[in-house]
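Below you'll find a set of structures to go through.
Below are two complexes that have subunit A in common, paired first with subunit B and then with subunit C.
The block that comes next holds the complex of A and B.
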């Protein structure tokens, strides 16, 4: 079943972005782009989210925060780094407090380029992330099934 | 005769989630159109709930799952009693108990957001409880019965005797449907000041149960609205639709108020209901003495 692809709930976190990409992320929700057409909702709660969308790079203060948010999200989940700062640190990468891109702390599935990333690119990035999300779900369901079968075999082995 | 009540209850238990989900889908589309957007597909609420059942279950305190399940069961029970034509007072008590379970579920997790949400849910309970009981009392005064089966077939136009009670009930309906300006404990909309309020700590299938309970609840409440117009089924269904559209409009036209204002509004609605009942009692007494 592909319910997950039809209802991705997004958690938006601002790392150390200049706010340019954040404005573009919020532009996706406006009547012009209206991502709710695809069932996307901006949740604000990691426990309800399927997609973690981060703008800006990782700095020394928010690396624990990003890790914490990521760990609170239930599987399956995907991470999208929006803008060059989220990908590599961007123009801030030489700053004393910047660690680098999001992938320094948590695994990133999709990189959306741009400074600032355009809403069309962000939506395209989320759509790409959805197929990865579906793959992860299939893998998760497969793993659960293998585990279940192994347990049945074990029980069958015990009874004989 | 003895079996008809069972049919109503079973039909409610089977059909209410379908109808409730569809109404939620229509609600989201109309909301989007009011904001100049296209909006999600009609079946979006079903996709959302289906998705939630696919997610990993992350539970901090297992007790919360039990409380949420109890919430779902008691909401379904109160709705089933309603459509079985049962006693309105019993239905209201089961309904209140369901929400007490939801509050306990939110308190079970050690999260400040879910605790604030739970406290606000209790305030909401305080705000709407007087009015919902007054609505039952009003329907009794008009039809001489607390049984939904008898109120529903009554030929007396209850709305003409109970305009104040109806207005009060519509006010607290905004609280119950979790719509602005009274969506203080949790809301359908994205960000709010307490993350997601009472549902913050529920995820995956637990959150899906809360959502399904909400569908049951909405159908039950719309059924309650229908009772005011039950003397004419056509007018009744039109009135239910108009009431729900008005709720969507109010949801989109207002901002969230503070909890003090929500509590005051709920009790102001109750005062309106009491004034209505007092006048009604006077008229009924006058009619009974034959105007002498």
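The block that comes next holds the complex of A and C.
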């Protein structure tokens, strides 16, 4: 990707992780890694966000919260699962309270491995997610156009 | 009487990196009551002790919390070593101290940054986290991990730090000390910071003691309680005095953490100077049989690992008591009487670590 057409806004949520990946997500925002140079900012409001960065294996209490946040985000949206416990449950896989991975609850687009995932990996994951976001946007725009054309045809049919 | 309304705070909130939910009962802008509810991070790690061998559980203990990871591992290993009557070599004790103190500095700088962010002081947030990166560089250089180190094991440590590297760290401490003092000066003396923090969320010495506050929350109220005084690892050889403030407000809790960063730098410096030669681990044979309360001082306060072994490869029971849970009752005491806009700062002032708290 040569340049970004838009500035994606990121929402971060801790879905029952150990905190390690979460502080690495935050470290991405600070001077050494500085994702703001890509035009990304961290927002606290799900309704403003395009990208959901989520960590941890999700426990039973967090399940509804995660679903809720996901549903509040406007389309198109992408979800990035950060860390191994977000992918499979990781070291907490056998715990009685762990659902075992984000994709058991909401659809995931990008998996970032690592325990804890390094900031470089997280940034790489976000950049990958952005091209997926762009694809989704194009698809939505295409679908909207087809619908519009169909409506025009229908109107033309009615007038004759 | 004004009408009472309930405002939910969390679990997803811009100032909180981790989920906790608090129902705030308000009369106009003033908080009259706070009802916390927890459980968003509970994973059930205590039970996992029955599924992992006692030497493997160190990895799980490290991942109770990604910020205090090294000290959790240290506390667990100390417990097992005590049950199995293993004498840890001197060099391992000193290395453990160095890594513990680096963890403490990184945790405190992280907290200072988040706290500045909570105040809306974005500049200071970035500066704190920039300094924190140099601590993580040392941790990565010496252990291989930035936040999860994996260098503590039952019977000693996994990696040694060579003399050349120790000298380099020692030299770099002068500049780091100077930078930290520059940062601390803003937290301690800046007018806007003082205006925001002084007299906010006050808790008296007796209340803090009675409610079982731990760590900087207790020390900010004048309770001189620091577990490093008991001299585990190499703290006994190095000598240590707790940092205490007496006013019990958010400013005092912030000041304790700033001064603890200075104290930790001093401890690392002396630990490097007095570093003994010798092996870094001993061979571990047999299985733990018996029980022990292992205690250590985390950045947030005292952590207790109760371990019970029955002579098999798996421990029979682990019970972990973490400082954040002890600091929730004082927090509920601090919140009534303040304004809604100050709630994020007061919640942050106990340094909540939900990963630890719920395990």
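To be clear about the criterion, the second predicted complex is superposed on the first by the 154 of 160 C-alpha atoms of A that agree within 3 Å, B and C clash if a C-alpha of one lies under 4 Å from a C-alpha of the other, contacts with A are read in each partner's own complex, and residues count from 1 in each chain.
Here is the rule we use: a contact is a pair of C-beta atoms (placed from the backbone, for glycine too) under 8 Å apart; a residue touches a chain by one contact, two chains touch by 3 or more.
Keep in mind it's a predicted model, so treat the numbers as computed, not measured.
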| item | value |
| --- | --- |
| Subunit B versus subunit C as contact partner of A:118, first or second or both or neither | second |
| Partner chain(s) touched by A:146 [first = subunit B, second = subunit C, both, neither] | neither |
| Which superposed partner A:20 touches (first subunit B, second subunit C, both, neither) | second |
| Touching partner for A:75 - first (subunit B), second (subunit C), both, neither | first |
| Partner chain in contact with A:41 - subunit B first, subunit C second, else both or neither | first |
| Which superposed partner A:131 touches (first subunit B, second subunit C, both, neither) | neither |
| First, second, both or neither for A:31, with subunit B first and subunit C second | both |
| First, second, both or neither for A:6, with subunit B first and subunit C second | first |
| Superposition-derived comparison: subunit B or subunit C, residues of subunit A touched | C |
| Subunit B and subunit C contact sites that coincide on subunit A, given as residue numbers | 31, 43-45 |
| Residue ranges of subunit C touching subunit A (in the complex, touch as defined) | 11-15, 17-19, 39-45, 47-48, 51, 59-60, 63-67, 69, 110, 113, 125-126, 129-130, 132-133, 136, 145-148, 353-356 |
| Residues of subunit A touching subunit B in the complex | 1, 3-4, 6-7, 29, 31, 34, 36-39, 41-45, 47-48, 50, 72, 74-76, 137, 140 |
| Residue numbers on subunit B that touch subunit A, as the complex places them | 28, 32, 35-41, 44, 47-48, 50-51, 53-58, 190-192, 195-196, 199-204, 207 |
| Complex interface listing, subunit A residues touching subunit C | 12-14, 16-24, 26-27, 30-32, 43-46, 56-57, 59, 61-62, 65, 69, 91-92, 94-98, 115-116, 118 |
